[in-house]
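Both complexes below contain chain A, partnered by chain B and then by chain C.
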Partner chain A sequence: MLFLFPSAIFITIFLIIPAVWTLYLGLTNYSLTGLAAANPKFVGLQNYAKVLKDPEFYNSFKLTIIFVIGSAIIGQALLGFIIAWTFSDKPGKLRSFVEVIIILAWMVPSSVVTFLWSAFLNGQNGTLNKIIGGQTEWLITHPMLSIIVFNSWRGAAFSVLLFGAAIAAVPKSHLEVARIAGASKYRQLRDIIVPASRGHILTNLLLISLWSFNLFTPYLLTGGGPGGKTEILPIFVYEKALRYFNFGIASAIATIMLLINFVFALIVIRRGKQK
Partner chain B sequence: MNKTRKRKQKWTLKRTGGRASFWMFTFLIIAFFSTPLLWLVFAPFDLTPRLNIKLPTLSFNNFHEMSQNPYAIHSLLNSLLFSVGTGLLVICVGAPASYALSRVKFVGRDLFLYILLLFSSVVTGTAAMVPIFLLCLNLGLINTFYGVILVMGGGLLPAAIFILKDFTDSTPKSYEESARIFGASSFQILRNIVVPIIRPGLAVIFVWAFVGAWGDFLVPFILIRAPERSPAAVLMYSFYTEGGQAMLTTLAAFALLYTVPVIVMYLYVNKRYGFRFYGGIKG
Partner chain C sequence: MSGFVEVKNLTKIFPNGTKALDSLNLSIEQGEFFALLGPSGCGKTTLLRTIGGLEQVTDGEIYIDNTEVTYVEPGDRNIAMVFQDYALYPHMSVEENIGYPLKVRKIEKGLRAERILTAAQALQIQNLMDRKPSQISGGQQQRVAVARAMATRPNLYLFDEPLSNLDARLRLEARTFLKQLQRELGVTTILVTHDQSESLALADRMAVMELGTIRQLGSPAEFFHRPANLFVASFIGSTPMNLLDGKIVNGMVHVGDSHINVPFATKSASEGQNVVLGVRPEYVSVSSPQSGGFTGVVKVLENLGTHYLVSIDCNGLLVRGTVPDGEEPTPGSIISLLPDPKRTLLYDKKSGDLI
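Right, the complex of A and B next:
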C-alpha cells in the first residue's frame, strides 16, 4: 500500500483537484481582471445559464461534432480500418513501409506538423497548390475541411495499428473455411472480421473520439479562425480563459465538456458490454 | 469450352482490375501521408528554402543561421530536461503503484483503473487548463521546470500505471515468495526482482512519456512565460521576422533537429521491443 502513496498524491493533486476546481470555478465569477479578480463571488448556475444561452457555444459545439465525426470516425477509424484490412494479407515489406510512413505522421511533434501543414496548404507557394495548380488559401476558404483532413492524417496511425493487431488476431482457419465456402471478400469482412474485432473497434472509437473532442492542436493551424469558423470547444475554452481571463465561464464550458465526455464514454462502454 | 474460357477471362480481368486498384490505393495512401512530411527532408538542407517542397541546392547554411538564434539550442536543452524529467517521474512513481495494484486485489480494481485512465485522457486536455494554471500560480510553479514536469507527469501517470500493470502481472510470483522467505523487504523485492523483470516495460513507458513531453505544446505554452525557459515546441512559433514572415532558414533547420530525437527513439523501440499494442489497450 505504501507503493501506491506517491501515485495517489500525484493523481490527487494534478488530476482530481483540477477537476473538482473546475466544477467549483464554474459556479463563481472569478476572473483575472476587474472587481471579480479581488473577491470572486459565488454565482450559482449563472455561468451555465449564460453559456447555454450563448449562440457562440452552440456554434462551437456543432463544429466540434463535425470535427469528431469527420476526423475521428471517418478520417481515422474508417480510413484506418480500410488501410489495415487492405494490407492485412499483403507481404510484410510493403505493409511495414506504409505503416512506417503513417506512424511518422503520428510521431513528429505537433508544433512541427502544424507548421508543415500550414506550409503545405499555403495559397501562393503551398505544395498542394503547386501539385493541383491552384491558388486556394485552404486554411481561409476551407478551414474546417483543412483541420479535419489534418487530424485524420495526424492520428490515423493509432487506428491502423490497433485494427492491424485486431485483424491479425482473427483465427486464420475461420477465413480459410469462409474462402472455401466461396464467401466474397466483403462477406468475410462483414461476417467474420468485423464481429471478431468488435471489442477493438469500440475501444478505438471511444479513445479517438475523446482525443479529437478535446484536441487543442487545430489552434496551431488556424487559431480558431478565420472569424471563429474553426473554434471547436477546446479552442473556445482557451479563448475564454486565457485571452479574456473569464475563468468562471471557461470552467462552466469545461465542465460541460467533461460531462459530454463521460456520457459518451458510458454509452460506448455499455454498448460494448451488451454484445 | 468457350464458356469456360470466357469465364476465365472475366476472372483474370477482375483480378488485374483488383490489383490495379490496390496499387492505386497504395500509391494514394503513401502520397497522402508522406507529402506533407517531405518538406522536412529537403528544406533544412536547401540554401533558399521556400514553403513548397523542392529539390534543394545543398547547403548547411540553415543550421549555421539557427545556431545564431540565442534561444534555439537552449530550447532543445529545455525540451530534453522536460522530457527526461517527465519520463523518470512517471517511471519512479508509476512502477511501485503498478506493482502494488497487480498484487493487491480489491473489489472494482479494474473498473477503478479504467475510470482513472478515461479521466486522465479527458482532464489533461483543455478542460483542466484553468485550474492547472491557477494551481501552478498558487504553488509558485509558473515559469519553473518543476511545474511543467509535475503537470505532464501527473497527466501521463494513469495510463503508465495501466500499461505497467500488464507487465507486473506477468512476472512470476514464486520469485517474490522465495525472496520473502529469505526475509527481503517489499522495497527490496521491487528493486531487485520486479524492476529487472519488467525492464522492457519501463523502457517502453519511459520512451512513451519522453515522446509525449517532447511534443507537448499546451502545458509549457500555459505555464512558461520566459523565452529562455521555453521548450522547442513553443519556440517553434517565434521564428518570424518583424513583418510576420516565417524565417524559413532557421525554422527548417530547427524543425529537423527537434524532430530527429523522436524518430530515433521510435526506431530504437521498434527494433528492440517491436512497436505493438500491449494487452491493456485492447478491448
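Right, the complex of A and C next:
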C-alpha cells in the first residue's frame, strides 16, 4: 500500500480533483470575467439546459461525427486494414520498411506535424499545390477534408500495426485450406481473416474513435475555422472556456462528451462480448 | 505415363537459397497409400506442398491423373489436404467447417447438406455438428478435419502429419481408423510423417527422404528387412538396429573380437573390405557363452512388455538383442548373442550402401 502512495497523490491531484471540479463547475456560472468571476453561483442544471438548446452545440456535434467517421473509421481503420492486408503476404523487408514509414507519422510531435501540414497545404507555396499545379487554399476551401486527411495520415500507423499483428496471427494453414478449396483472396479475407480479427477490429474502432472524438490537434491547423467549419467538440469546449471564459458552459459540454464516450464504449464492449 | 501422381525432376529452392528438393522423381499408383518419411528438414513436407500447389516449383513437372498441374492453382487440382494443426475455423461450427470448401465451390445447398452428413457419419461425428472446434476434443477435431477433406470428394488426399498432435493412445486408434477409411474410399493418399512406425503401419509403399532426395523407395516390409543404406537402416525400426563396424578377413566378418559368417543375402563382399554389419535386435538369439556370435557382459535390461531389450558389452562394443519375457538373463552374467544369418545385412563402410 505504501508503494502506491506517491502515484495515488499524483492521480488525486491531477486527475480526480480536476474531474470532480469540472463536474462541479458545470453546475455553476463560474467565469473569469464579470460578476460571476468574483462570486460564482450554483445554478443547477441550467448550463446543461443552455447547451442542449444551443444550435452551435449540435452543429459542432455533427462536425465531430463527420470527423470521426471520416478520419477514424474510414481513414485510419479501413485504410489501415487495407494497408496491413496488402502487405501481409509481402516479403518481411518490404513490410518492415512500410511499417517504419508509417510509424514515423506517429512519432513526430503534434506541433511539428501540424506545422508540416500547414506548409504542405499552403496556397501560395505549398508542396501539394506545387505537385498538382494549383493555387488552392486547402485549409480555407476544404477545411474539414483537410483535417480528416491530416488525422488519417497521423493515426493510421496504430491501425496498420494492430491489424498487421491480427492478420499475422491467423495460422497459414487456415488460409491454405481455403486456397485448396478454391477460395479467392477476397473470400479468404471475408470468410477467415475478418472473423479471426474481430476482437482486434472492435478494440481498434473503440480506441481510435475515442481518440479522434477527443482530438484537439486540428485546432493547430485551422483554429476551428474558417467560420466554425472545423469547430469539432474539443475545439468548441476550448473556445467556450478560454476565449469566452465561460467555464460553467465549457464544463457542461465536457461532461456531455464524457457521457457520449462512455455510452459508445459500453456499446462496443457489449458487442465484443457477444460471440 | 503410368502413375496417378508423377513427379519429374522436381527441384525447389527457397528464396533464402535452401534447396529443399533436388531433381526428385516419384511415381505413385492410383489408390495407393503412400508415405513420405524422413527427419525434419529432409524436404518431405515441401514435396507434399508442391504436389498440392501451395509452393511454387523451381524446376520440374508434376502430373496428377495424367494432367500436368505444375502451375495449376491448388483450387483447380481436385485435391484435399489435412494439416497437422487441423486448420479448423474457430468461428464456424463443425458443420460449417466441413461444408466450407463445398460452399466455396458453389455446391447447391441440398447436395451440400447431404455430403456433409455422409462425411460426418463416416467419421462418426454427426452428433457434434453444432459445436465449435474449441468445444470438442483433439481426436474429434482431427476427425472433423478429415471429414472436411472427404466431403469435397477429391482425387487425391494430402496428409501433413495429421496424427502428430494426438496423444499416444489416440494416435494408434486414429491410425487404424485412417487406414480403414482409406481402404474403403480407395482414393490415392500421400502421408507425410516423421514417425517411422506410423509410416510402416499405414503405407502400401513408402519413401525415406534425406536432403531433398529419396534414399529408398519400397514396401514397409522391404524397409524393415532390407534397408538399402545405413541412413535408412538407422531410421527404421522402433528399437534401433545394431550397426557394427567390421572387416572381411578370410571370408568371415571380423567385428571386434567376434567372427561372424557373411550373411546369406550379401552378394559382393571382397576380402579386406571395410563393412558395417547390421542386425535388428529382434533377429538375434541368446545362447550360452562362447557358442559363437557376440559374447559379453549383460549391462542393461529394458522391459518392452512382451520382450526385454538386452544390451551386452563385448570389450567396449555394445550389442543389443531382444529376448521373450521370462527368459531374460540376469544383469552382470555373461551370454552370447547370435545374429540370424538370414536376417543379417552388410553395408559398405565407405558408401553406406547395402552389399
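Heads up, the rule we're going with is that the second predicted complex is superposed on the first by the 275 of 275 C-alpha atoms of A that agree within 3 Å, B and C clash if a C-alpha of one lies under 4 Å from a C-alpha of the other, contacts with A are read in each partner's own complex, and residues count from 1 in each chain.
Everything below uses one rule, namely that a contact is a pair of C-beta atoms (placed from the backbone, for glycine too) under 8 Å apart; a residue touches a chain by one contact, two chains touch by 3 or more.
Quick caveat: nothing in here was measured; it's all calculated off a predicted structure.
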Query raised in the report: Here chain A is shared; do chain B and chain C fit on it together or clash?
Result: fit
Query raised in the report: Is A:L259 touching the first partner chain B, the second partner chain C, both, or neither of them?
Result: neither
Query raised in the report: chain A residues in contact: does chain B have more, or chain C?
Result: B
Requested in this report: Determine, under the contact definition given at the top, whether A:I74 touches first (chain B), second (chain C), both, or neither.
Outcome: neither
Report task. Please indicate which partner A:A183 is in contact with in the superposed arrangement: first for chain B, second for chain C, both, or neither. Result -> second
Query raised in the report: Mind checking the angle chain B, chain A, chain C on Cα centres after superposing, to the nearest 10 degrees?
Result: 70
Requested in this report: Look at A:L25 in the shared chain and tell me whether it touches chain B only, chain C only, both, or neither; answer first, second, both or neither.
Outcome: first
Requested in this report: Figure out whether A:S173 sits in contact with chain B (first) or chain C (second), or with both, or with neither.
Outcome: second
Query raised in the report: Is A:D191 in contact with chain B, with chain C, with both, or with neither (first, second, both, neither)?
Result: second
Requested in this report: Report, in whole Å, the shortest distance between any C-alpha atom of chain B and any C-alpha atom of chain C after the two complexes are superposed.
Outcome: 9
Query - Set intersection of chain A contacts, chain C complex versus chain B complex - result: 198
Query raised in the report: So in the complex, which bits of chain A are touching chain B?
Result: 1-4, 6-8, 10-11, 13-15, 17-19, 21-22, 25, 83, 86, 94, 97-98, 101-105, 107-113, 115-117, 119-120, 122, 124-127, 130-131, 153, 156, 161-162, 165-166, 198-204, 207, 210-211, 214-217, 220, 233-235, 237-238, 241-242, 247, 250-251, 254-255, 257-258, 261-262, 265, 272
**Report entry** Residue ranges of chain C touching chain A (in the complex, touch as defined)
**Finding:** 15, 52-54, 73-77, 79-81, 83-85, 87, 89-91, 100-101, 104-105, 148, 152
Report summary line: chain C partner, complex, touching residues on chain A are 91, 171, 173-174, 176-183, 187, 191-192, 195-196, 198
Requested in this report: Can you check the complex and tell me which residues of chain B touch chain A?
Outcome: 22, 25-26, 29-30, 32-40, 50-53, 92-94, 96-97, 99-101, 104, 116, 118-135, 150-151, 153-155, 157-158, 161, 186, 190, 211, 214-215, 217-218, 222, 232-234, 236-237, 246, 251, 255, 258-259, 262-263, 266, 275-277, 281-283
